[in-house]
Each structure stands twice: as structure tokens, then as C-alpha cells.
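Contents: one structure, followed by commentary.
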Amino acid sequence: MSEPLIRMDNVSKFYGRIQALENVSFTVNEREIVGLLGDNGAGKSTLIKVLSGAVPLTSGSIYVRGKKVEMKSTTDAIAAGIETIYQDSALVTQLSIARNLFLGREPIKGPAFLNRMDTEMMNQVARDLLKQVGISKNIPPETPIGSLSGGERQAVAIARAMHFDSDLIILDEPTNNLGVAETQGVLRFVRGARDSGHSCIFIAHNIHHVFQVVDRIVVMRRGKVVADDIDPKKTSVEAVERVITGMTDEELAHALGPNTH
Amino acid sequence: MSEPLIRMDNVSKFYGRIQALENVSFTVNEREIVGLLGDNGAGKSTLIKVLSGAVPLTSGSIYVRGKKVEMKSTTDAIAAGIETIYQDSALVTQLSIARNLFLGREPIKGPAFLNRMDTEMMNQVARDLLKQVGISKNIPPETPIGSLSGGERQAVAIARAMHFDSDLIILDEPTNNLGVAETQGVLRFVRGARDSGHSCIFIAHNIHHVFQVVDRIVVMRRGKVVADDIDPKKTSVEAVERVITGMTDEELAHALGPNTH
Amino acid sequence: MLRRLIARPEFGPLILLVLELVVFWAINPDFLSPLNIGNTLAFTVELGLIALAMTLLMTSGEFDLSVGSVFGFTPVLMWTFVNGGLMPMEIGFVIAMVVAALIGLVNGWFVTKLKIPSFLVTLGMLLVVRGTALFITNGFPQRTWDAGGHWLAQVLVGDFYVGPFRIYMSLFWFIAAVIILGYVLNRTRVGNWIQAAGGNPNAARARGVKVDRTKVALFILCSTLAGFAGIISSVRTSAANPNSGMGYELEVIAMVVIGGTALTGGRGTIIGTVLGIFILRVMRNGIVLIGVPGLAYNIFIGAIILGMMALHSWLERRHHAGT
Amino acid sequence: MLRRLIARPEFGPLILLVLELVVFWAINPDFLSPLNIGNTLAFTVELGLIALAMTLLMTSGEFDLSVGSVFGFTPVLMWTFVNGGLMPMEIGFVIAMVVAALIGLVNGWFVTKLKIPSFLVTLGMLLVVRGTALFITNGFPQRTWDAGGHWLAQVLVGDFYVGPFRIYMSLFWFIAAVIILGYVLNRTRVGNWIQAAGGNPNAARARGVKVDRTKVALFILCSTLAGFAGIISSVRTSAANPNSGMGYELEVIAMVVIGGTALTGGRGTIIGTVLGIFILRVMRNGIVLIGVPGLAYNIFIGAIILGMMALHSWLERRHHAGT
Amino acid sequence: KTFYWVSHGTPADPVWTYFLAGAQQWAKDTGNTVNTSFHGNDVPSQQEALRAAIAAKADGIVTSSPDPGSLVEIAKEANAAKIPIINFNTPDPKASFNAYVGGDNVVFGRHWAQYLVDKGHVKAGDFVWMPVEVPGATYGVQEEEGIASVFKPLGITWEVTDTTLDQGEIITRMSDYLTTNRAKIKAIIGMGDLVNGSIKRVFDQVGVKPGEIPVVGWGNSLDTTQEVLQGYVNAAQWQDPQATSYVALSLANMAASGIPPGFNVITGALYEKDTAQLYDDILSGK
């Protein structure tokens, strides 16, 4: 078999004295959607922050297509073809939707030394993208992010990843805050990404969403990977939930309370 | 029938020239859990912000137990017995968990003029509450919010509402970011609140969560209330989804894509 | 059209400026005499150049307290070289400007690499630069009054009359700076980065924007323009005093903030700053002209700043409530 | 134990202070002579009182540029009353303190009710207060020489010797302020509100915290302590000059920030401020003592601030990497 | 008539309050309007104010010079507008002022240095300390020039230090310096009124007895007259501040009425203990 797209080897991460990752090994293959599950504080966001250069790792190494890469900053990760949509969807509230979409990769119009942004093109693309992610309401692309609803903001972040298609797209809880139509927009986007040859890491607490799109499920608990090859087609939601919480069936039934089953 | 706990009458709200609420009328009865559903930007957060005094209404009136109340600030709402957990769970990242929990209502130890916080008590309560909302990991209550994971933060906000039981507890997408165990903790809490005589407004995009706990469902679309008396026991999830999106069955099936049914 | 004008954030400062002009003019009609207008413009544009650069820097979330000292230091350095006979004026000018740029570079480096708040860095730099100016001159001012005929002096501040108005070349430098910096902030990629750097630096960094490099460049811009303004001023006033520019930093920041740029970064307006510059300078000029007693000068400046801010905030609120 | 000490945010400033003391002492052993220590303490605590109040204000997310002018104004007002024979010293003192408190109230009112940035409000106030001080005195300093024996003067700054050290009463006022304000910030409800107001004012407001009232109270505290320090200083130096306190605002803010309080609010430390106060004052004293040339004074002050900040940031990073 | 009195000083400097008092007295005595402003050594702002006065068609202007050469243009413009412009306090012979009223700082500096030498307080190889409020301001610079002309040939060394205009800070910095260099300092020249007026407090704080270190310098404040009377300061320079303003405005008024002043008025006197009471009385308004 060829080298995986991403291979993280024995990665550990300390925040001060708190160990958020403990010897984690993790791979993503080409054209694969990996679902990353785990309870609150399991270390999912930390894992992908390390991978996208947002925080430095304490020990271990990262390989992209078999080549060792130092992720010293987000720029390194972007250069390696990794695009990330953070949980706290990192947008600049003062800037408009269009300006946020293209932040860091603004198209230029006219001679290069004039450094002039192609605002029209940006606005046009922004309008199209918003429709694609399922925002039906007509929001002008000049609207500052600060006056959008929670879900609308999330949708903008998604739209950004859709436009700049990278080798690996990381989505940290992208369906939080999203309504029915918008959620389906995201799931459709993920499937489309794979079909056009990209890989994805998909983090979500809503296991139903995960089951709908991923090829493989990885489960983390308290900083460690406790299962890394669960096939969603051959496993039940309940079984995965048990792996996530680390409980026996009985404990789980109790924790879920009387109403749920 | 006696007066409802809360009655909002013909409430409208403009942000600048954007109309976020259009003649909304909305009631919550005593000992009732109302589920508020609607797509992104429907106006759910705006409705409850008006109710909790966070933003002023443009026109209309609010009655609490039949008495007209001016919600000029959050203080007014708190005085009227309304406790809110905002979508962007409003915590102070620099302060510790315990200090956030008791912010604004810190217990005093010793003579009043010394104004001394009872830190021990605060820490003890915080520890207990964290366990109650399902945070199994042992997080010291002195930890600043800034170093918690997304879900852990949400759990702290929930814990706060649990402790200061008010007549009406408003939860704006409280289960976002939460893991399996934590989500069940929240749902259990909501049920418990009703059993002990409180009312709740519960906003969530995960309709399954809503169906598990609420007595009545209200649906908003584009700033208007389009349905306000759906009984979750007599209605299917799909029917509600149709009301939310305002689509016909056929449109909905198309929008949900091939994988979902 | 009118509606859109009113909705702009620059509307408040505009009203203030008009109000101010009307009041002063009503009290003393000489206020709008060509002589006085030419006079006010001359110094205004010198401070204005600094305020424009500061607008960009503040939009990116930093500020620079050392501009006043650079304003004083750069001409002193240049004239020390030139008067000492070490080099012709052109080279002295270039070297002084390079040194000013280096000061900005050091500021930027401390702020971005060492992550020290710009308040402390530039306060420290203020003292170092001011001290150096004193030290190299031994406190003696440098003489500049033989520069008048030199072509460089002409290009920088040569004056001529347009009808009854005495116009200095520096006005054109100022206008050029307004156009260029306004264009950079609103129309270019770099402008987008500047706003993002001030609005949410982490988000910007996550998108691969070179936040640190942008900030360093703006620090350099700020120092360079402060030095440039200092040289212009020294040629025009025939004085290169190591103490000139004292306290300008606060006045410049006040201009920027009155114009509507956020003190915390993320939002900046060049047009607003231009209005802010005129609001403050016209005020200083008008106050002398209407004969406020010398000792009460500061009371008036302070009271007017407060009064204008109150008006500003009232306008803002009315405007929000109104729409 | 040691570990916990190292983990504290005050550890960096502490190292800086110790280092500074050692270096100066090594160069000039007189640095630690009783005369010099007594000398340094006298003025340090006056500025220190302001810095302590400023720590709380900055934790709540605001700052006050008018403290220096209130420091100069309050004693001028008091001595104008007293020297004019209008009232006895006790009443003059009380009235002057009330006026100082009112200045703080106005600052707070503008900032919280009109939502004007504290930078502009207090800058305007600085000018108004300084101008008023000049205006009411006509610029003449007020004499305070005859205050020496008055009981109030004794209570405020009476001096006595402890062994070879000349100690002023003001030291005790300072210590009292450290204890009380440290207690308020860390142990009380109000302290929690102050931190929340600076950290996330909307969240605090949503919890029913009276953010505005808290800020106004802190503005009042700041002005009052600045006025109090001014009176102490005027009695000690036997001079009430309308210009005293010029530039103190920046020095005081620098002290607070060097101590580790965030410039943007939300996090503050009284112990850090105490260290910051001593770091800056010891530095000023030390560089004169080791014989830096007079005109180079500012260069050194600035360079040391920059150097210390660099060291500070290096310590911080090592500390984060290490644990 | 309306006159503009434009000062390069700061109202922080007590001597300027006496200058101002002279201007106000003149306004009261003659019934004319005098608009006053201070510019704290900020040349551009002073130039702007002067041009504003010209624009306002003042009947006359009196101004002090912030830097030699800096008002050359302005004086020309005033001449062209036929507005009398009188220079006071600090001279600038290069500019075409109608007249000058005041002392000569270079001469003052020379007198102080000469005084110390003549009275045998300093000799070759000695060190003199010269604190000044604002280093780089014209008065200090010119005084240093005069002092240097005496000390340099004799091989006497000196140092200028910076004290600021803030009394608390002045006392602290001077005490620090004196503590350190007490053995070395043979004499002190206080190159400003605030500095010289702080000598007593500094000596008391550091424990130096009056007369132990000879002091000369400025003496236009009650603090200094007292210090001279009590022996802390040996000799102090009187500048006739009120008179300077008063005479300058009178000359401006005279010129406005068409009588050109064809002369300069030179003021100033160095006083010791015996004559100090006279100035003490003037300053305390007796």
C-alpha cells in the first residue's frame, strides 16, 4: 500500500502540566473521510490543532505523504495542503463575509504592484457559496460577520473551505449551530469533497451525522486513541457510543436515563 | 385558565434596518418546557435576548404572570426570575470555573462590610455541579475557563443555571459541543427542572434532543412564529422538520439528499 | 444618497467639524481669512501625516507613542550631519529617514517577536529616542535657516500662493498620503490583512496572513512618516530642536480616535482621521484667535474634546435608534 | 513550594527587581545605604498609591490618564483655600479630596454612560484639570512651608527614624493600600466583578453585575488616591505646584503593566504592581547613582525598560515551555 | 486695541507666571485687550499662533523666541502686515523685530561662572553641577554657552542634568544626584527657577548645610529669594519678569501709535543676601 496522506506518529502534547495528547498515532489516507469522536476534553481539538500548526506538539512527528513535516505555524500547514475549520470558527467579526472568505488569499485585479483586491469577484463568489451551503436568506456579502446569527457564521466558515479545496480538510464540529438544511449542506459538501479526491477529518458530537458520511471512525478518550478502525457500515451507533464513553452496556443504559430507550 | 408565566405580545425587533422579529406572540406556561425550533437566522436567539433583557425590543410588550414588565437590562430579567444560558455561553475566560459559576451572586462569608467571598463553599459547589452535568474528568474548580475545551465550557454554563434555579430557564442551544454523557446530563437537568416546578425554553437544532424533553414545540421562520402548539407526542420528527424549513415533502426529500432516508 | 451619508461612521466627526467652523467664524470672521487658512493648513498637515500612518497602525491593533520623539529626532540627526559639513543635504535626508525607519523596525520587532505590549515598547523607545536627540546635540538646537534655497527644501515645503492662499508643498505630500493610505486600507489585500490583524489576529494567522510582518511594516511606516513630518516641519519653521514633537503622540492618537478608528483595532477610517485632524487643529487655532486667555488654553482644549465626544456619542446613538 | 512560586505570574517581575538591585549594588554599594533607601522610598510610595488604584481600574478594562494632573491639582486647591485663610487645613483637605473624587466621577460617567473610550475622556480631563490648576493659581505655586507642625501633616507624612532609616508616614499609607486593595481584588465579590468587567463585560452584565457602577467606583478610587498622593507629596516637598504630576500617568501605567496586569483588562495583580513600582523607581534612582551622564538619563531609562521587557518575555516563555 | 502676548515658555515655569502677571497688569492699567498664550517650546505651534495673530490683524504682538532663527519668517510677515512685533525675554538678533526687551542669557551664564571664579569657589580642575529643567530649551543652552566661555579656558569641568518641570521629580532626581556626587561637586549653577528654588529642599533631604556647597543661578521666585536670605544660595539672577512684559507691551502700543521704538531695553541684576529682601518683597506682592 502507498503512504497515507497524513501520518501522526506517537504525538504527545502538554498544556503546561496538563497532558492533552498521550502518544497518539493517527493516519488519514488519500480520498478518505475519517470521523474523529470522543467526549468533551478527549483531545480531539488539540489533535487537529497540532496537525494544523495552531499549537506546537511536545513530542512525536508528523508525515505528509511519507515526508516528515515541521508544523511550526498555520502557514506551514496551509502550504502542506491542510485547511482547517476551527470549532470556534475563526472569523474576523469586523470584516465582511466576502473579506473573511478570501482572507489571506484575496484575488488581485489589475497590475500586481497595485495590490488591488478584486472586490466584485469576491462578492460574486461569496454570494454563490452562501447559496451552496444552504443559506436561503439573501444576505449581502458586504455584511460584517458581527451581525450574523451563530449558524450563519458557521456556514461562512464552511463556505471558505469549500472554495479553497485543499488535500485535507479538517472540520471541527462543523454542524454545531446549524439548522436542518444547513447541516445537510455541510454533509453534502463533505461527500462531494471525497468524490473530487480530497480527504477529510470530521469531528462531531452528533454521531448520526458522523455515520452519514465517514469511511472510518477513530475514537479518543482522555488524550489517547482507543479505537482507530471502526467501520460505520458494520457497527451500530450504540456500540460506538459505548466505546466513546468507555462504559459497559449497563452503565450506559443507566447514564442515558429512562426516557431514551 | 390562570395567566401564563410569560406572555410576549406582538413583539417586533429591528437591528438597524434588518427586521429580526415580526409581531411575535409567544407564551410559556408554569411548569412547561417549550422547545423553540427554527432554521439559522430564524430569530430564535433574538427572541430570547429580548425576553432576557439583553437587547431592547422595538415594539410590543412582555408580561410576567400577567404583569407588564419593562426588560431594560438583564438585571430586570433576573429580578423577574428569568435565567438565560446564551448560545455563545457568556463566560469570562480569565476567571476560574467557580468564580464564573457564582458571578454576580457570590456568597459572602463573615461580616457583610468585609464583602469577602466564600471561596471554599464556591469551590465545593462547583465541584459537585460539574459532576452533576456529567464532566467525569477531575477538573479543579480554580481552573480558568480559558483552558477548558468547548464542551467543558458549555457544561459550566449549564451548571450555573442548575444551581440558581429561577422560574424560567432559557437554554439557547445548550447541547451544542456536548458529548453523549454531557448531553444526557443536560436533558436530565431540564426534566428535573420541570419536576421541581420550573419552566424552560429549550432551543436546539438537534430535533431528537428536543423531542426527548419538551412539552410543546414552537417553530419560527424568518422572524415569525409559524406554529406554536405542536405536541411532540403526537407529531413526527419529519413533520416538524417540514414546518421548520417551510418545504413540501418533496422539496424536503430532495434537500436531505439521497443518503438520509 | 443623503441616507447613506448619514449612515457612514464618518458622519459624526463631519458634523462636529462643521459646527466648529461655524462657531469660530461667528465669533471672529478673520477665522476664515485666507491668511489664517493658509496658516492653519501648514502645521496641520505635518501632524496629519503622522495621524494617517497611525490610523493604519491602530487599525492593526497597535499604537506608537514614540512618534513625537521621532518627529524631533530625525531632523536633529539630519541637520547635525549637514551642518557638521559631513555630507550634502540629500544624503543627510536619506540617512535620517533610514534611521527613522529602523526605529520603527525595532518597535515592530519588540512588539511582534517578544510579544511585549506596544504601549511599553514605544514608551521605552520614546525615552531612548528623545534622550539620543538631546545627547547628540548636547541639548543645542541645530540651525536650519540656510536651507531655504536648496531644491530638496523646495520639494519638501516650498511655498507659493494660489490666489490669496499661501500653500506649502507639504499640503501635497499630505494629500498624496491620504489617497495612498486610504486606497491601501480599503481597496488592497494588505488593507484586508491590516483590518484582520487588528480584528482577530488568531483568525488572521490561521488563514496564513502574515500578521507580524504586517504590523512591523506599519510600525516602520509610522516612524518614517513621523520623521518625514519632522524634517518638513524643521525646514518650514527653521528650527531643529531636540525637544520638538513633545506630546504629539497623544494629540495624534486623539485625532485618530475622534475620527472613528477603534482604539482596540480592527476598524479604521482614513477619511475619519482627516476630519479628526482638522477638528483638533482648527480648535487650537480658533481658540487663540477668539482670545482665550493663555492659562485657560488647556481647559478649553480639554473641555472641547469632552464636549465633542459627548456630542459624537449622542449622534451615534440617535443614528442607531433612528434607522 | 518553589515550583508554585515559579508558576506565579509575579515571578518574572520579581526576578527583574532582584537582578536590578544586585546590579546597581555591585556597581555602587552606596545604593543600599540607609540614606538612599529612605530617599527612594519617600517618592516611590507617592507614585505607588496611584499605581495601586490604577491596577484595579485597568483590571476592569479602563485606564485613567488624568491621574497626573489630579496629583498636581488637588494640593493646589487645598493650599489655595488654606493659604487664603478661607478655612483650616482639615476642611481644606476634605474639600480637596471631595473634588478629586468628583473628577473621577465625571470620568466614570463619561466612560460608562456616553460610552466614550477612557483614553479620550481622561485625556480631555487631564487638560481640563491641569488648566484649572494653572488658572486658579495664576500659575503661582502655593507654599506649604508652614504646614510642618500641623497634626494632619504629621499623620500624612510625618517622618521618623527607625535605626538609620528615615521613614515617612506615607509608607504606612502605602502598605495599608496594598493590603486593602489586594484583599479587594482577590478575595471579595467586588474583586470578582472587577475582573469580570474587564474580562468580558457583556457576560458580566448578563449575570446582573453592575459593570458600570463598578467602573465608576474605580475611577473615583483612582482620582481620590491620586489626589491623596498629591497632597502627601506637597506636604513632604513643601511645594504645591500646579504642574506637579506631569507625565506621571504614563509612568504609573508602565508600572502596572510591568507588574503583569493586562493592558486590555481582566487580569490584575497587586503584588505585581508593587514589584513594578519598585522596578521603575529603583531604576531611576540607580542610574543616577551609578553615574550615567545627565543628558543620557532618558536613553538609559528607555533602554532599560526595553531590556527588562525583553527579559520578561523570555522568562515567560521559558516558563511556559519548561513546565 | 488688541495685543497678542505669545510665550515660548510653559505656564509650568513659575517665572513665566511673573511675566504673565506683568502683561495682565499692563492690560488692566491701559484698558487694552491682551490675548496670551503659552507654547512650551513647541516651535510649530508658536509660529501658528503668531500667524493667527497676524491674520486676526492684531494691533501689536510681543513674543519670546523659542530658538534663534525660528521666528525670522514670522517677523518679516508681521513687518509686511505693518503689525509691530516686539521680542522679549530671549533675543534673536537675526529676526527683524521692532525691538527687544529683556536680558541676555549668554551674559547671565558668563556672570554666574565669573562669580564663582572671582569669589574663589571654584578653580582649575573642579567640577560644577548644572541641573536644568528642560535640557535643550533655549535658556539653558544659551546659559551653558556663556558659562563655557569662562570655565573652558580655566579647565573647569561641568555636567548638565535633566530634572523635568515637576517639583516632586526635581527634588528626587537632584537628591539622587547630589547623594552620589557630593564629594565631587564644588559648586552648583541652577539653570532654571524651579531648579534653583528646590535647592533648600534638596540640601535638607540629603543633609547638606546651607553654604556648604556654593550655589548660583536663577532667582525669580520666592523660593529662591528665601534661599538667598537663608544662605542656601549665594547669588541669584533677577530678570525683572513683570517689568519685561510691561515694557514690551508698552513699546508695542507705542509702535502701534506710529512712534517707532529705535532701541532695545536690557534688564536683569545679580543679587546677593544684602539686596534679596527687595526682590522678596516684589515677588510676594508687598
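Lettered A, B, C, D and E in written order, each chain numbered from 1.
Heads up, the rule we're going with is that contacts are C-beta pairs under 8 Å (C-beta built on N, C-alpha and C of every residue); 3 or more make two chains touch, one makes a residue touch a chain.
What you see is a predicted model; the values in this text were computed from it and never measured.
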Most remote chain, CA-based centroid, reference being chain C: B
Maximum centroid distance from chain D, chain identifier (CA atoms): A
Approximate Å spacing (C-alpha centroids) for the pair chain B, chain C: 49
Chain centre separation in whole Å, for chain D relative to chain B (CA means): 44
Where chain A and chain B are represented by their mean Cα positions, the distance between them in whole Å: 27
Chain E: positions in contact with at least two other chains: 11, 20, 135, 160, 162
Per-residue multi-chain contacts in chain C, two or more chains: 134, 139, 293, 295, 297
Sequence positions of chain A contacting 2 or more other chains: none
Contact footprint of chain A on chain C as seen in their complex: 184, 187-193, 195-196, 198-200, 202-210, 266-267
In the complex with chain C, residue positions of chain A that touch it: 52, 54, 73-75, 78, 84, 86, 90-95, 99, 102-106, 108, 114-117, 119
Chain E contact footprint on chain C (complex, rising order): 28, 30, 33, 35-36, 39-40, 42-43, 46, 133-134, 137, 139-141, 143-145, 233, 236-239, 241-244, 246-247, 284-285, 288-289, 291-295, 297
Touching residues (chain side chain C, partner chain D) in the complex: 65, 110, 114-117, 119-121, 123-132, 134-135, 138-139, 250, 253-254, 257-258, 263-264, 293, 295-303, 305-306, 309-310, 312-314
Residues of chain E defined as touching chain D within the complex: 10-12, 14, 16-17, 20-21, 131, 135, 159-162, 164-169, 171-173, 175-177, 179-181, 194, 198, 201, 205-207, 221-223
